[in-house]
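Next, two complexes with subunit A in common: one pairs it with subunit B, the other with subunit C.
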Partner chain A sequence: MSDDMSGDPQVTPRASGGRAPDVFRPGGWVPMRSYRDDETVDFVIVGTGAGGGTLACKLAEYGFSVVALDAGPYFRPLEDFASDESEQTKLYWTDDRISDGANPLQLGSNNSGKAVGGSTVHFAMVSLRFRPEWFKSRTLLGYGADWPIDWREMWSYYTEVEQALKISGPITYPWGPKRPRYPYRAHPLNAAARVLARGCEALGISWTETPLATLSAPRGLAHPCVYRGFCVAGCSTNAKQSALVTWIPRALAAGAEIRDLAMVGRIEVDDRDLVTGVHYHRNGGWHFQRARNVVVAGYAIETPRLLLNSATGRHRDGLANSSGLVGRNLMTQSNQAVWGLMDDEIRSYKGPPSLAITEHWNYADKGKDFFGGYAYMSQGPLPQLWANTLAQARGLWGARLVEEMTNYNHVAGLKIVGEMLPQERNRVTLADEVDQYGLRIPRVTYSWCDNDRRLIDHSLAFMTRALQAAGAKDIWTQDDDTCHLNGTARMGDDPRSSVVDADCRSWDIPNLWICDGSVFPTVGGVNPSLTIQAIACRTADRIRAMARRGELTGQRAERTRRAVHATSASA
Partner chain B sequence: MHDRSRPPAIPNRYPAYDVLAKRNGPSWNDKTREVIAERLSVTATPQFFSASEFQLVQAIAARIVPQPSSRPPIPVAALVDRKLHADIADGYRTDGMPHHREAWRRGLGALEAEALAAFHRPFAELSEAMQDQLLQRAEAGELKAADWGDMPCEDFFKRRVLRDVVLAYYAHPTAWSEIGWGGPASPRGYVRLDFNERDPWESAEAKPGREAEAARINRHVR
Partner chain C sequence: MSNDTDWLVGAGLALSAIAATAMLQPRGQTKVTQVPASLPRRAGPHPRASVRAARRLNRAAGLLAVSVLADSSVEHYRGSFKNKAMYTPLAVSALTLAMSAHGTADRRPWAHRLRDGSYLLAAATGLAGTGFHVYNVTKKVGGFSWQNLFYGAPLGAPMAILLSGLLGFCSERVRDTSRAQRPHVFGLPAARTIAAVTAAGLLGTSGEAGLLHFRGAFHNPFMAVPVTLPPIGAALLFNAAARDPDDDQNRAHPLTRAWMWLLAAMGFVGVGFHAYGVSRNMGGWRNWSQNILAGPPLPAPPSFTGLALAGLAALGLMREHPDA
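Right after this comes the complex of A and B.
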């Protein structure tokens, strides 16, 4: 047992004193480079999830000095994670937030994470590429906004991330342009996935094994997935290829410092309109880390919140906000479902929750009365989530609820990840109330538009037919759920209509960057994590290229690049 | 509206299955044992609610998740109490909803006021049918006593009562056994994933007329 085992990682930081937890060895440590607050580092990164964790790794491997701060704890999955839904809510961001609008978002579980590794610690691991046309959806498909990035460039970064996470997937993918074979074999289907397959085959559309960021073969010190089914409650065996067990160990090995339980409250900007570092709360007090560049990677609510909370006399509307778009165009994704009962025992609690998928309605343009697309996947809700779904979405309580729950092992469901359109009225603003750090809390406003409703209606009608064709009975629809969050600091090629450029560099402040799901101009109908990580890899390459040309603001003239060989800590 | 007042007819679908029999086996890691042991040790003495509030929560919980008399009850109200005592929040509030602790305090006070106004008796002393009637009116947004303040009664019912009570019930191993769930599963996990497949460490479902066979299997689940 190590000396930190008695300490609560949610109270006392673990990454300090020149070492960080070794997530692969119980009680183990890995060395960590440490910087003083008054040492000006090349990059301070706010957040260590899919965006920040990936970028910290890549920039450190390229030789930059990096300090990455996360408000959450540094968990040791092998020791800290229970097989228990209640206990594992400790992975969620549950700080105070207000949710309003015509369709208030339910926050704090599937769409947030507070841990080193961010929400990748509890994500469902679904690792999908965007449809190429989505990067030019305004020009090619007539809705949303174009990305300032070409899909062919993204295609190569997707490949890099799929290799970095050893994504398990099918040999051939049924939709879109050719892609390389997935690094690891697909996982076997569980019964819930077979129900999806039956429905697709009956209706004549393609399906496949879902590309997943969980191991189907050993990798270094991580074992293959044991199909325990608690993926969205955190993986206690390290099969899940979260940022915590992939990018972060690589970042440490390359010389990055990670600071856990470090909440950034404000970015400092000088009178030359350059950022100089961040104020952060750790160990009971406020500190200031100096940096030549600041990267905000707090996801679509905390990122705009930090930019807005950093307002000064010269930047009255918050930092990087001359367009007025910081906080606007928040996009969730629709997450509606159709559920039914099968005569067969399904026991969908076994295995990753979404082992089978169809992207048919992401790639088909005929037969739609809406813009955008959706994927749908098989489901495996654990008992608390399932009971709460029956209560909240179906209105069951009393005898009917506890009786219906005894059908748990026969439930099968199909659930979409659906594209919602960007709307400026959907946004993050600051409420007057403050949180435990004295920082103004976010107010999140969300209302569906007609197109969002048409997409949802289409999906529910189609999935109902699919579930019927698969042999389900007592079919009902869940229409209240949403999932991932994106937008609020969109990228573009015009400073008037975007917050950052294609390189995730803010238009207003050249040494302030944003690198997470906030920069998405559109969300598409797939889970965003693979795209966030691909953007982070691209951003790191762009930063390296700009540094070589001397185009980074605040860059030391005498800088000499160290060639750091990219090695993986353990994987 | 369907009759919520009848007692639950929970089918004994997984006879003799006890998820806790696996407690010392390879499906439970140390952290899980620690967490569940703490949950099972919860006593009926409230740490957040007052004694009268706690009685009211017990009465409400008995309507939301009615329990059979054939087994020791799940201490639902105590589990809700501990969640509030530990201040484990949801991560958001809709407009008009106070923080979860204040929402519970205010909502319980308002529900009690509604009971006294409608039936001249405390909620806990009402018949189950009367209690259900009040809860249904809260669910429908029909309760308007001044005690609610700006908190919509339907939001209190759905986002606080229903959510917290249902999550508490299904956090308990007794409920897991009742629905035949495999329970904690680290590190052993599962092997047999397909239709109608069960690992030897999963519950066996009783087919009609073959309950004894299922019970025999379930007694050996470890």
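Right after this comes the complex of A and C.
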């Protein structure tokens, strides 16, 4: 029995003293390289999710010294995760936030996580590539903004991530340019997925098995999926290929240090406009970790918050914010659904929630009265979530709610991941209130635009037809749900209209980087994590190339300093 | 799932285990009797040699039946015996098994009516089962797709009971014609026919393993073994079947025989690998009642052993009867 078993991972850090939890062995440990606060490391990374976890791994494997900090706990999935929705809310970022605007976002379970591994610890594992045209949506499709990256380059980074996560996917993917075969085979469809398939076949559009980041065969010490469907409450078998069980163990093996329960409150900048490290809160006190480069990867709300909270006299509006765009162009994705009852038992909660998908309306441009696209997938809500949905969307309560819950096993649903357009008014700012660390909390302002509404209406009408065609009865629509968050520090070609360049390097401060969903100029109609991880892989390659050419400011400074040390030692 | 079916499946599994051991028993005894009965190499047809080949074929058919009994018990239990017809392969393979045990012990040089009938029944069951499985796959949404080939009723599985029936039926023919100038099946030379049937069976079984191992993404390099060794064995057997009967030198087929032994061993080792595969599921063997269903099928690999034994029987007959 390990000595941290009694300790609460949400109270006492686990990764310390030269070791970190071994997520594959109950009570086990892996050795971890440790750095002192006053040791200047090559990279400090804030956040260990899809963006930060991936980058930490890649940079460590490329030989950089890396310390990655996460405000959340270091969970051991095999031991810490219960088959209990209430217990598992411990995975969510539920710190205080203010949400306003015409369509205020519901923050918490459906959009952000707080753990080593970030939101990928409780994400739904849907792993999709962007439609190539979306990287140039302004030029090619007439809306949003262009990305400064070519889709062909992204195509090879997508492949890298798919291999790293052993994505289980269909043999042939019906949409878009050819992609290599997914490393693992698709999972068996559950009845809910077959409802989607029947609807698509009746309406004459393609469907396929959803590419998922969960194992359909063993991989090392990770078990294959057991189809119990607790995925968004945290996977206790390690089948889910979250950052926690993929990139992070690799990062540790390559010499990175991970610090859990370490909340970064401020990035320090010197008079030369270079960052020098981060102030973080851990073990009841504030510390300062020196670094030649700082990467912010805290997700689309915490990233701008940290940049804004790090304002100085010289950087009054926050760091990297000469464009005034830090915090702006926040984009969520529409997540509306259509639900109905089937005669047969469906038990939609069996297996990963979204086993079948159609991307038809991502790739079809005719028959649309809106810009952008959407995918829709089969659904598998757990009972508590389902009761909440019925209570909120339909106002059911008491006896009526109980009665409706008796239909639970017959429910089938289709839900979109829809593209919302970037708008500058949708943004993250700082409120005057402070949180438990004394840091100003974020205010998140969100309002849909007409295009967002038209897309949602189109999808609800189409999915209603699909569900009818599949034989569902008592169909109703859930009109108000949103999911993933992106934007707030967009990448681009021009320092006046973007926060970072294509390499995720901030225009204003050359040794400050942003590497998470915040850099998306547009979101597309697919779940974002595969793209975030692909960008992180690309960023690591770019950093390595720049380092080889001596283009990393911090490194140049270090080389001089080392030389000084050497002289003083020999003196 | 009712307790009845639990019991039934348990009984099926136990029976197959006992039978598997029993099937392999008589070999030692035959060896002993073989020595005094050593015949001049080119003595022409000898009834005893034919009966020996026939008994070996009974044993091979029995081993295949064991595999079917265990496999269909587990898989149809997993399918909750949704359709009453799903009991059929259990009953038929159990019967085939019993008949094969009887045949393996029986030294009389003539066919047995009940055995003959049950072998034909097994073959018919295999054909009907294939029909059922094809229907199951095609009626699913997506039709004849990878998804349904992977996860629908396995198309190749009922072939095993068909093969068991065919080999058993051949065995009876070999016995029946043991006193004839050359053992034959429907007028065709028995050894060559059986070798060809076995080779085809090896190819089919290897195809089935290939499909399911592809489903598992060949995540373990050893998963390539049952898709590489058996096709080579099949080619060797076909080659043996096609050899000129007057070619005296080449009747021993040492390489082919060795390859059959290799395949027979592979079938057993495969169970070990599948047991390891089961252990890699959540909870490992401690959670055996779920993981036996979720992991790779334990009873599947021995069908290669069954076929390899049939191949050996055919080769043995070929050696003793130049034109069999």
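Throughout what follows, the second predicted complex is superposed on the first by the 555 of 571 C-alpha atoms of A that agree within 3 Å, B and C clash if a C-alpha of one lies under 4 Å from a C-alpha of the other, contacts with A are read in each partner's own complex, and residues count from 1 in each chain.
As a convention for this text, a contact is a pair of C-beta atoms (placed from the backbone, for glycine too) under 8 Å apart; a residue touches a chain by one contact, two chains touch by 3 or more.
As the structure is a computational prediction, the values presented were derived from the model and not from experiment.
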Joint occupancy of subunit A by subunit B and subunit C, clash or fit: fit
First, second, both or neither for A:Asp8, with subunit B first and subunit C second: neither
Partner chain in contact with A:Asp432 - subunit B first, subunit C second, else both or neither: neither
Which superposed partner A:Pro170 touches (first subunit B, second subunit C, both, neither): second
Of subunit C and subunit B, partner touching more subunit A residues: B
First, second, both or neither for A:Thr237, with subunit B first and subunit C second: both
Which of subunit B and subunit C A:Asp344 touches, first, second, both or neither: first
Touched partner set for A:Thr406, first subunit B, second subunit C, both or neither: first
Partner chain(s) touched by A:Arg219 [first = subunit B, second = subunit C, both, neither]: second
Partner chain(s) touched by A:Asp271 [first = subunit B, second = subunit C, both, neither]: neither
A:Ser112 touches, of subunit B and subunit C: first, second, both or neither? first
Nearest Cα pair across subunit B and subunit C, whole Å: 5
Set intersection of subunit A contacts, subunit C complex versus subunit B complex: 188-189, 194, 226, 237
Subunit A partner contacts - residues on subunit C that touch it in the complex: 140-142, 146-147, 150-151, 214-217, 219, 277, 280-282, 290, 294
In the complex with subunit A, residue positions of subunit B that touch it: 2, 4-11, 13, 27-32, 34-36, 39, 63-67, 88-95, 99, 132, 135, 139, 158, 162-163, 166-167, 169-171, 175-176, 178-198, 202-203, 205
Subunit C-facing residues of subunit A, complex: 166, 170-171, 183-186, 188-189, 194, 197-198, 201, 209, 216-219, 223-224, 226, 237, 239
Residue ranges of subunit A touching subunit B (in the complex, touch as defined): 79-87, 89, 92-100, 104-109, 112, 188-191, 194, 225-230, 236-237, 344-347, 349-351, 382-384, 386-388, 391-392, 395, 397-403, 405-406, 408-409, 444
